[in-house]
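Following this message is one structure expressed as structure tokens.
Labels A, B, C, D, E, F, G and H are assigned to the chains in the order they are written; within every chain, residues are numbered from 1.
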Amino acid sequence: MGFAHLDHHRQIRCGFPEVIYCPGKTTEQIVKIFSNLAEKGNNILATRAEGNVFEALVGTKKFPNIRYEKSAKAIVLEQKKIKPSKSVIPIVTAGTADLPVAAEAKVTAEIMGQRTELICDVGVAGLHRLLGHLPKLQKANVIIVVAGMEGALASVVGGLVSCPVIAVPTSVGYGASFEGLSALLTMLNSCASGVTVVNIDNGFSAGVTASLINKKIEQGNN
Amino acid sequence: MGFAHLDHHRQIRCGFPEVIYCPGKTTEQIVKIFSNLAEKGNNILATRAEGNVFEALVGTKKFPNIRYEKSAKAIVLEQKKIKPSKSVIPIVTAGTADLPVAAEAKVTAEIMGQRTELICDVGVAGLHRLLGHLPKLQKANVIIVVAGMEGALASVVGGLVSCPVIAVPTSVGYGASFEGLSALLTMLNSCASGVTVVNIDNGFSAGVTASLINKKIEQGNN
Amino acid sequence: MGFAHLDHHRQIRCGFPEVIYCPGKTTEQIVKIFSNLAEKGNNILATRAEGNVFEALVGTKKFPNIRYEKSAKAIVLEQKKIKPSKSVIPIVTAGTADLPVAAEAKVTAEIMGQRTELICDVGVAGLHRLLGHLPKLQKANVIIVVAGMEGALASVVGGLVSCPVIAVPTSVGYGASFEGLSALLTMLNSCASGVTVVNIDNGFSAGVTASLINKKIEQGNN
Amino acid sequence: MGFAHLDHHRQIRCGFPEVIYCPGKTTEQIVKIFSNLAEKGNNILATRAEGNVFEALVGTKKFPNIRYEKSAKAIVLEQKKIKPSKSVIPIVTAGTADLPVAAEAKVTAEIMGQRTELICDVGVAGLHRLLGHLPKLQKANVIIVVAGMEGALASVVGGLVSCPVIAVPTSVGYGASFEGLSALLTMLNSCASGVTVVNIDNGFSAGVTASLINKKIEQGNN
Amino acid sequence: MGFAHLDHHRQIRCGFPEVIYCPGKTTEQIVKIFSNLAEKGNNILATRAEGNVFEALVGTKKFPNIRYEKSAKAIVLEQKKIKPSKSVIPIVTAGTADLPVAAEAKVTAEIMGQRTELICDVGVAGLHRLLGHLPKLQKANVIIVVAGMEGALASVVGGLVSCPVIAVPTSVGYGASFEGLSALLTMLNSCASGVTVVNIDNGFSAGVTASLINKKIEQGNN
Amino acid sequence: MGFAHLDHHRQIRCGFPEVIYCPGKTTEQIVKIFSNLAEKGNNILATRAEGNVFEALVGTKKFPNIRYEKSAKAIVLEQKKIKPSKSVIPIVTAGTADLPVAAEAKVTAEIMGQRTELICDVGVAGLHRLLGHLPKLQKANVIIVVAGMEGALASVVGGLVSCPVIAVPTSVGYGASFEGLSALLTMLNSCASGVTVVNIDNGFSAGVTASLINKKIEQGNN
Amino acid sequence: MGFAHLDHHRQIRCGFPEVIYCPGKTTEQIVKIFSNLAEKGNNILATRAEGNVFEALVGTKKFPNIRYEKSAKAIVLEQKKIKPSKSVIPIVTAGTADLPVAAEAKVTAEIMGQRTELICDVGVAGLHRLLGHLPKLQKANVIIVVAGMEGALASVVGGLVSCPVIAVPTSVGYGASFEGLSALLTMLNSCASGVTVVNIDNGFSAGVTASLINKKIEQGNN
Amino acid sequence: MGFAHLDHHRQIRCGFPEVIYCPGKTTEQIVKIFSNLAEKGNNILATRAEGNVFEALVGTKKFPNIRYEKSAKAIVLEQKKIKPSKSVIPIVTAGTADLPVAAEAKVTAEIMGQRTELICDVGVAGLHRLLGHLPKLQKANVIIVVAGMEGALASVVGGLVSCPVIAVPTSVGYGASFEGLSALLTMLNSCASGVTVVNIDNGFSAGVTASLINKKIEQGNN
């Protein structure tokens, strides 16, 4: 297509959706790539998509089942049936302003066949709110923690559970949060075991990794 | 003990070893903590330990089975039998100088019951060296990638496999590597799916997380 | 002219075009400089030019052959015949969003008499896409690699070829890409031989340098 | 004295000790300043003092009551009786390696007439250790929290109490802790109310401020 | 409520207002949270609120006493009578441009029952302006200093008084002020005793901490 | 006036103008301060003023002689006769885009009674352009050098003359110029003797300092 | 060999030497790798080698022709005859302290068959020293410029010649040179055409790239 | 000499000393350069010289009048009579630890014929100490201010005098002083008129610039 290679790699993994990362692409380019991928019958996830991209896709009238997850800025086209996971992946946020990043993780995990549960606004300055959700957290196979500002939530959650924790720093905050740098460094320096980190605001990557892990656990080792 | 709390949390997870992070502790403090933990019969891992700490522990004559992993700077005491995993965790390094960090990941994963295999010196400037190991990588449940300088190995490995990749940036390099910052940023910005990152030189954390993931996969979801 | 010196240096090299870098200059200033240079009969390249600058130049009706390369944001006026090079300079990009920077390199190299070929969307997370272009890359005299995010493509290309590689980090990415800093550091720390780096998003500089090298090679040493 | 002004300001506040910050001063200079101040009969605190400075002071045989707080690297001369405070200032540390900074805060607060209690090794990765000390924390007038690495302890403590918290980031950590920068940013971005921050490793400043606050509270407003 | 936990912690301290931090929340979310909190009869402070949020709240016609502090961008609802403090908290600014941050500190302290006095435009380049206010400063229990650019005012004030100083760096400045970083570092490195620092532009946090301290001092120790 | 102190310091030095730095002040505040200062009969310089501020001042009809220096964004009111200096201060710029900063230096020096000469577009990549101005430079008492991007012009000028050079880094550039940081560091590291540096884009400060120096030189030492 | 892959890639390019980068490798590892490579009869270059490594190699008595370039810290073993280039690559340094990096570039280029000439101590603060060498510079095919501190030399040289310039920032300097960061940014922001940059202190990479370019030019395009 | 150009530029200005900056040069190189320059009969200043360099020079027995300024780490050879200035340059330091940098400024200014006076330990946390020296400061033609940590002294001095102030940030401090970065930024952001800045710890450059200014003022304009 000149501006984009379309090949099997575009599907994250066998059985998973095709993914289009929208920033830096023109609406025309996105529509072409989207159409091309859709023809093969796979599910499609377009991330960081502005509303006008969604409208352009709707305008083609080719994708009756397309939907727009506004908070996540994600466009979803489900053409193949997705079989939901047995276990649930908790997605925990420190504050209300972290919701868009959590939503991106959620929509990503779901189109990869994972059941998820959002646990919002449980930042470390109010520990009792978090502790109320402890049973759910302790039975998870993997947890996604989304936090901006000081980003301390990943360490606290990591200390309370025995499964891997995917930490997503967000650019929520101001001043010395330096667009998410503060939360990023906090999470990288976590003393809690089993915490790994993805890029600032990268809910997509957290959703993918958590899905890969949970899928493998549900399949077992064979 | 005044300077350190000793409690069950010190064991990363049930069935796993007790861990002592040595920097900032005096030799006397380490010996006391080590002795205290050893009495309970658990396995012990002391990380970032200088040789004289090991000698002080040997000098107590209390730990006949103690051993020092020199490259990893790790002291290991196995008092409980460890049952090895069925699958092997590949630990891949970009260059020879990344070996100490890889060794820390290896000794950590092993005392957590994981079988590992070191794949050394397969940096991206010589792709054919890496591609020769592809079959091993593609059948793993989880992979640890250790790289300094430009840190690009994590992305390349991540693009070749369908399992989670734990990326460890190292402080190997000079000039604009800024003590590992370059490799850290590279890994955080990876376009490959399923790559998550730990702190610079933190082989221990990579070893723990990979072990948690592999253990859960081998147990399956029940 | 008060605000700008016009002299022979403005031509990058003898036989090459006059160049105007537009940011920070008013449209009026650009039109004056452009007109002044055009009178001497040379080819002209105006970089980082907004559309309204192009329209102002068209509005003067003095430059019937002027054209606007929209993706590159470059204005081109060819008044002298350019003799094309024998060999082709490959311009390789990691993703679709790197295209504008690659386009600036391309238009620059072309007005300096070089034939070029864009190879798009061959980032390291999908190695097979890159490897399919290997023959073209291996017969080049010099290659331009354009990549944002983790910027690892320069190292991988550098390891596959035996000619100099000009690496252009782009500001494509988010979060810890820090406006291109991540890709810049990656490229500076490349382990591959023969990789040198220009400023973030500086397709122009890469185009010039690659042209200088290729021109000298085609002339031979005399 | 040529190299140092000695005046009333050197006493932090009326009734408080004279203070000498040792780094960058020669042993000879410190001995002269110390002697000069001691003659006036006040209490003296010399911070960041190496052992040989202490020995040089002992060698003068002028200060029979002088003592060296090794962990804090502080030299103390009590010549005036100090009346202890009624309430206790808790000094909380995340890990054993934060002890030297906590010790500096402690010796500073004590020579300013404050009773203190060290609560060690209660980092957020093991919340139950911290929660065991909650009653003590909740009845304090002011609390000092000392933490390196991710520095999350200040936020968690701040969320549990209703008094001001003085947060001291330490340079404990490695890699992306960047010599205390990570903990510093975390603490500055704390969501918990009442947390203020001092310089990295600045136990002295935390000790002074906590003492000023507690002294004023014990005096009441009149 | 799905997107926000509402619990007692939302009140900073017993007897204090409920607080809503607006950025990152939609107007709809803010109105819901505000209404919910208002029903319980407490005072409410909404910080960093744009004018349209205030209008939306007015539009509900539920809060006849609501008011908007434009300079501070704060919405205030006083439903419970606030008893003013005996002593006054001085809020000192270096320049006129620091006023919005000072105003946020002022409105916060006032709804927490503190009397305040703004002392404006007394930066260190004109010491006599500051020295004219010395008597007021020297009888305060706690002082808030707000300064951008070089941020030196906190040190100078700290050297003139014997009470704690809460320093607020602001993002006022340009060039090498790096959005407040310069003032932040200056304040963290202050040589004056009793200076602690909050996040850049965080007038709210300074207001809360100063209020906590002054309240405790006025109550005395019992 | 509540929001601003007006006192003699506002005049930089006796015989010099009153100065208002506009950013962060409302138009209303600026008009009030301006009117207040104008009544005393002094000259006034308002820097970084947007066009609407100038229009508001014109709208008051109180200042018939007011003028707006558009490139410098400076408002000037000359009410007292200024006696021009004997010698001329050269203001040298690397590129056309550095003109606004040079213009601010120029208008500042001129209202402080200095004659100036702009020497534009003589960046180090075209040395012959600079060398053509050498005689003027070598007879100056003090020189202002304004440069963005690599900022090397200050070093080159400093090596060619025997008077002090005031270097002004500008935020002109992109990518790794990091908003003027590159030029700032270059100038601070200059090997040439007699080069001192002001803040990024701070033409005002350069104008003031150069004027102070030249004025003193013209007066001689008495 | 377990810790290092030895394969054809180790030779930079066909006909070029094998290279060992010593840091992070033990002396034992280096001796083994060196011996292994030497057996194949190729030339060998070991960079950043401490003196004791050289002595260990001499001690093996296997390499009678081995030599140590002390300033460059390079070990050289020439087993195959090297045919010198027709043209000379100038290696230009700003100051005496940049010599070790220039020496590394020189020894690298020479073992790759290039004739070189060192032009030392011609920093921009003394332009006439540089201009004296202009004829040599203007007839080169490619030039290496090595400079620390403000790093401006690359721009000035780049403006004087019509060939590519490889710029090597060095860590020479102090204070705001930040270990070479200042020179690195200066060079990346160069306005001169044809300047590309390698990592701080990376004389090796500059030597390799300059050799690749010159070799290709001497061969011509066929 | 191969490693260093010796020419007239080495003398800062006509009538001024030759200068050797020692770091990065071997003792042998320094002795050779020193001897070479001394033969011409000029005065010589060698900065940042370790004691063993001085001993090597003494050992040559060629320079009977050579002396070592230990605090400044400067070697001075006066062979030509220096005529002292009429006016005195004050060199003001914030703390005792700033003395070595102030001493370098002092020895530099003195060998350039300036009388100087050190005013030590007058940091802004104790304003009365500074104010006691006000008369001396206010009659100076130019002032050097040397300060580490928060670096606020330059602004305060700049606000009190009407002459240019050369500000020297020092690397004195710890934690968030980041090796002098904090003081550097503070000084660059100074609100006081007439403050310009040199590199961190660069007492030499401050001494040169202050001397150039004072010399010109004493000569007057002719």
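The rule is short, and it goes like this: a residue touches a chain if its C-beta (ideal position, glycine included) is under 8 Å from a C-beta of that chain, and two chains touch if they have at least 3 such contacts.
Quantities reported herein were computed from a predicted structural model and do not represent experimental measurements.
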item: Shared chain contacts [subunit B and subunit H, defined touch]; value: D, G
item: Distance between the centres, which are taken as Cα means, of subunit G and subunit C, whole angstrom; value: 27
item: Subunit D and subunit G: spacing of chain centres that average the CA atoms, whole Å; value: 51
item: Length of the line joining the C-alpha centres of subunit B and subunit E, rounded to whole Å; value: 46
item: Where subunit B touches two or more other chains at once, by residue number; value: 9, 95, 125-126, 159, 175-177, 181, 184, 188-189, 193, 199-200
item: All touching chain pairs, where touch follows the definition stated at the start; value: A-B, A-C, A-D, A-E, B-C, B-D, B-G, C-F, C-G, D-E, D-H, E-F, E-H, F-G, F-H, G-H
item: Residues of subunit E defined as touching subunit H within the complex; value: 94-95, 123-127, 149-152, 155-156, 158-160, 173, 175-178, 181-183, 185-193
item: Complex contacts: residues of subunit B adjacent to subunit D; value: 2-5, 7, 9, 21, 23-25, 29, 169, 171, 179-181, 184, 199-202
item: Residues of subunit H touching subunit F in the complex; value: 9, 12-14, 86-87, 141, 159, 162-164, 166, 184, 188-189, 193-200, 205, 208-209, 212-213, 216-221
item: Residues of subunit E that touch subunit F when the two form their complex; value: 95-99, 120-122, 125-126, 128-129, 172, 174-177
